[in-house]
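Scrolling down, you'll hit the structures one after another.
Presented sequentially are two complexes of subunit A, the first with subunit B as partner and the second with subunit C.
Our next item is the complex of A and B:
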């Protein structure tokens, strides 16, 4: 129903827009010079309406689930408020002027050549706003893009290499034996962080799935094999371009888990309710997306994000995935849908 | 004012009449634009159908057929983007110097042209009909080999029933068509532009296979195709389709098998017809002694039986390696594997300098391949030990990689089946460690093998 109303509104605006842009096509006579004013007025009202109603239907940002999602969202809302207010103000003035002063038979056009005072004002205000935004975003940028790398933070974090490729994400985790080494020697983790997680024979390799642990940092060594891709984890508010020839370090720390062990597979799209039971919730199916147009199958370059409740749960999964990769005989009964990397 | 009037009156000469009329009544133009836009929009929306056009037929094979087990020659360069090396036979002179080996192969009858057969009116039409009866149309695919029991087995064991295939054709159209082509020839619009080229299913040959059938008859299991689809093929443009719903994955596997059986029946029939025509030059009537329908069906039956046989003939390793979770043993095995690998009559023949300096060669599809650089840590057929074992044991059909050295009493490494099995696992160990600098260092420290 709501979709129908909004679709109807959009179509109506579109038709009216056509009527304005191609008046002769629809109405040959030259009357109705206030059409432009109506068009902009209707557009403005529709947009405000859609904007106001959208959150009610869930057409809004997915809730942030990482430690820095609050900082990112705050910046987003500040910028939205500034640009939104500007947009509404400009549209109202625009509509009013078009309504008040339509072209009239016999009235000569008036040409003006600027107003220095006015121009200085409307250059200075955005300038100051942009400057304030530039200053205001520094803490968030520092937090998200420039993590401090020391032995303490490296030893407590996980690391993974994510390689973008047309059109898939190839993911490589160090094995649990490797994680054991980090635990016993905190410097090893930092060395691996600096060496961009050099490949090992016992690495666990996956395609299109990323695993993290609730409350633990995950460092991502992001690379690409061909063109520019961009790793986007909407719920984590992480978006980072992958550039050919570079290994870029990104990180996030989830604050909620979204997967549960069912036998030997992990089921995503669940959350813990207040009593500590897992309940199904489609909002907890989290996606990895590519947000840099990278070719014809760009829209299919997606993956799943699993956030494990505990480190033990994660390591149990890691061990199983490693075992699946170390098989020296084919499984006697192949399960449909279970690939070498597991689902 | 005057200028614009002058402009208008200039145009109103009799020969310019139509042009000026367009300028004078913009409403008509705009109305036409609006109408055209509406019509195009409607057509566009109607075209938003996931499945193929019901009238569409599979095109018949019109490209060169390689009628030999292998192609000789050493290409000097990889083929340029947008071209297939075999196109030199269609007069693509820019390929000269890269693949003039093909000109020789054609003269030797190793590469044959199906076009004279396909273009001769009755044979072409009959073949088209026979293949349509066998495999249906892209929208309504089927495999009907005119043998009820075999048909039933195909539907039950190989999941080639019509419902699955119909779903498969939709999934294939959405995900595979643009590289692998309408009839699975690997010549979709993007197919020519990626290297290695997408697989041509019509030859019925697949590379990453685990069935123990004879090399000429070897077909993949459904599981092998599923593995390729799930993990993609590293080092090529084939991505992972792990996120397809399992039933769609099943359907598209069925559809690929369908395309392969259809293509193989077509190719084998054409080969036979070309051979017969060559033998009885001029006597065209004799060629048609066996009806085309029968030929196509019998070829399809042979292929289908091989596919069915593959399902139950997965190669199981007779023994298990003893080096998993034991570094010293792993290094020992790798050292033995190294010794075997570098024997002048073994792997190193093609994988020169562990594949770093390997020469190009031709594969069974008439494209260039390079034996894998085993230090690069990129493996098309998977990186589990069992994947390596299968490839080493069975070889990689079509690429020129042979199966493992046969049992030979004079050769201690393969003196009996047991020793052969052990040597294979040793080579697996060696290959698994080869890409990692730390492990190469360990290998040289423990066994004095220098690989860098």
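Our next item is the complex of A and C:
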């Protein structure tokens, strides 16, 4: 369907282009001249329509599913409204000028060097708007990038370490026993947060998957082993570069779950409907991408994000993952390797 | 072209007879020339040649994006006939986008705008005989050649040309692994070995060339203006070039230093960009470092942000002059336009951190950069409104150069407005390193600057070569390019809003991007149409050089000084030293027979004209 629309648009564009070119190119004056105004005008209208109609085709922001995705999306829409209105306004004036003022015998041009009053108006109004836009967004930015770290938020949150390397995400969770210790001593959670989740022998290690819990904050201690990578969770609106030599703290709090336990594995691509039943939904297959160029397999550093409905579900997964990891004898039956091989 | 050669030698002989110069050899006249016009034309041809290379590289990787994993016809057989089939390997793709950007930025746009147009137009527009330092000028062109040769050689070395993006971030670009055999290899990827070293050397040479040029332009504009040519009677083209030269002079040294630091990291074992903890690549570890990767980003972007203004301000100046000429109206708000250029340049020095919002830099620093970046939209908006004001009430002729200049204005609005999204740090969290950025870049660089270059070449071709370019072919080229380029770059905004990351060899690996793949194919097809349409422009130029209609001195009936000189001007430029009486934008002065009034022309009785451009 998409291909059909695109093919149609391409053909229409080419036909229109030829329609403009031949008369206007061959007859530089007279009726042909208006076609230039049409060319610019129709191009500008099409560009406005593309942004207006793209959401209808599903070519738009992946729906945001975290507590701060609303802030980010709101700012996006505010800017879209302001720039959209500006673009429409400028395009109207621009196209009008091209229609109204092609060269005419006997009509002298307006001999004017400008208008200082007008200049001041169209400098002051955008200036104020832009300044308000700049100041107004600072709280959202600081909320996303500089989370408050105190005993309360640390105790209630999960923590994970994510290490990027060419070309995978190495993920390390504290074990269930460690989480238990945080419940009994909230200061321990904050200490671990400040000490960048120092490695423990009983940590649960995974590759290319991240697990979180609906309604609970997840702090990510982000590192890299080799080059700069960047952790991108589109639906969570999280992006943070991983810088060699530094551990950077990022966080998100999902507002919806996307995974369901089936036997001993967890499957994504599901959501709870209004009645509380799990239904399949491809929009709920959430992924991890790398968004800082890192070499040959930069476009293949794909991971999966599992958001559990409840903390109990998450801890059940964590225990199973830990158990799978501690196999000391060769498995007698085919078993998935370290980490929950969920679908 | 033949007539041009005859004109040039006649003029040079004429000058020799008056005892000004001894007879110059062929090499001195046309190869190692110290005449700004020849040097400008040298930059023009070299730049256009590199445009073919840079554009070709882009079309090449668009094949992979439009048809992922497809066998590449013809070239695939030469390059990769092996077990993997004739499919493009990811490392080759990475090299392609790196070299596309590097060639376009360092070898096409900057040399064309500053080297070609700056050189050719500045002395002519201010009424000077030549630049302040002709020998330095000649050197600035010839320093491009080592840069060119080195960058071309880099395609053929072990590991291939640089592949870490034109941004060359450590540590993917900067770490090298001394190998037993003595050749330079990188643990992160093949292109970061000798290819990256050659890239660094090449860009250092480009920087030296640009710094030479900028010093020349600033001195010439300040010191060598004709009698009566005050700063506020200069055309906007010269203002654009002047402020661009200041940007280059102050920003380039920082880039040059950064390039040397990375060069030393790669070749003599320094650790400017290696963190103290060291790094491990697979089985191999670097030793401990003493620096940090973020340092490169600061140094690099301190230049590269002003660089993007270097890549648009000259075009803005030229567009202003072309719009005025074909609207037959004075420029709306001369002084505000000059202030706006200065404002863009000044603010341009304090916004570099907006390329680093997500980099791990302190977010509070990001806030500072964010405010400055959002404010930079203001002078750009003022310029756009003033261009509209210039057109309003005019008598517009839709010549080829005017069409290209009009395209600049409308498309710059798109590019400028899209910039506001990424200036907003929370939104940047989502769109950083996605195709939204790529769309913005190409709207300001191709849809604005490149159309400005098409306009400038068409407009000043008669002055450069004494012949006119073909209007019909010019218009056909314009229409196809305008439509195809919009079809190529506008959908990239949509890809970006959908979250498509940049620099991705494989666009199909992610579920959340599957539904956007058709757009990639559409973009690739449009890009090929756009690319091939440029052959019309180059063909038009080449044909017109030899067989174009002969040009008069002032085919566009324009006011500025270059149109009082012969087409093409001889050595020394002007028949008599110009005396400037007014600003450059006195078009359609009331009570006059003609609708233009050159800067040097006496005013007829009974007509009043302001002495200075407002």
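Criterion: the second predicted complex is superposed on the first by the 246 of 343 C-alpha atoms of A that agree within 3 Å, B and C clash if a C-alpha of one lies under 4 Å from a C-alpha of the other, contacts with A are read in each partner's own complex, and residues count from 1 in each chain.
Basically, a contact is a pair of C-beta atoms (placed from the backbone, for glycine too) under 8 Å apart; a residue touches a chain by one contact, two chains touch by 3 or more.
Remember, predicted model here, so these are calculated numbers, not experimental data.
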Subject >> Greater residue coverage of subunit A in the superposed arrangement, subunit B or subunit C >> reply: C
Original post:
Regarding the shared-chain residue A:327, is it in contact with subunit B (first), subunit C (second), both, or neither?
Top reply: first
**OP:** Mind working out whether A:296 is in touch with subunit B, subunit C, both or neither, as first, second, both or neither?
**Re:** both
Original post:
Given the touch rule stated above, what does A:215 touch, subunit B (first), subunit C (second), both, or neither?
Top reply: neither
**OP:** Mind working out whether A:232 is in touch with subunit B, subunit C, both or neither, as first, second, both or neither?
**Re:** second
**OP:** Considering only touches as defined above, state whether A:61 meets subunit B (first), subunit C (second), both or neither.
**Re:** second
**OP:** Examine A:167 and indicate which partner it touches, taking first as subunit B and second as subunit C; both and neither are also allowed.
**Re:** first
Original post:
Between subunit B (first) and subunit C (second), which does A:134 come into contact with in this model arrangement: first, second, both, or neither?
Top reply: second
Subject >> Set of subunit A residues, in rising order, touched by both subunit B and subunit C >> reply: 24-26, 28, 166, 296-297, 300, 302
Original post:
Once bound in the complex, which stretches of subunit B touch subunit A?
Top reply: 26-27, 30-31, 33-34, 175, 178, 190, 210, 223, 226-227, 230-232, 234, 237, 239-240, 242-243, 246, 249-250, 314, 316-317, 320-321, 324, 377, 382-387, 389, 425, 432-433, 435-439
**OP:** Using the touch rule from the top, collect the residues of subunit C that touch subunit A in their complex.
**Re:** 90-91, 94, 164-165, 169-172, 187-189, 274-277, 279-282, 289, 292-294, 327-334, 336, 358-360, 363-364, 366-367, 370-371, 374-375, 377-378, 381-382, 384-386, 388-389, 391-399, 403, 406-407, 409-410, 413-414, 417-418, 420-421, 424-427, 429-430, 432-434, 471-472, 475-476, 479-480, 482-483, 486-487, 490-491, 493-494, 497-499, 501-507, 509-512, 515-516, 518-519, 521-522, 525-526, 585, 587-590, 595, 610, 613-614
Original post:
In the complex formed with subunit C, which residues of subunit A make contact?
Top reply: 2-3, 6, 9-10, 13-14, 16-17, 20-21, 24-26, 28, 33, 36, 39-40, 43-44, 46-47, 50-51, 54, 58-62, 71-72, 75-76, 79-80, 82-83, 86-87, 90-91, 93-94, 97-98, 101-104, 107-116, 118-119, 122-123, 126-127, 130-131, 133-135, 137-138, 140-142, 144-146, 166, 225-228, 230, 232, 234-235, 237-246, 248, 282, 285-287, 289-300, 302
Subject >> Of subunit A, residues touching subunit B in the complex >> reply: 18, 22, 24-26, 28, 165-168, 170, 198-201, 205, 207-209, 296-297, 300, 302-304, 324-330, 334, 336-337, 339-341, 343
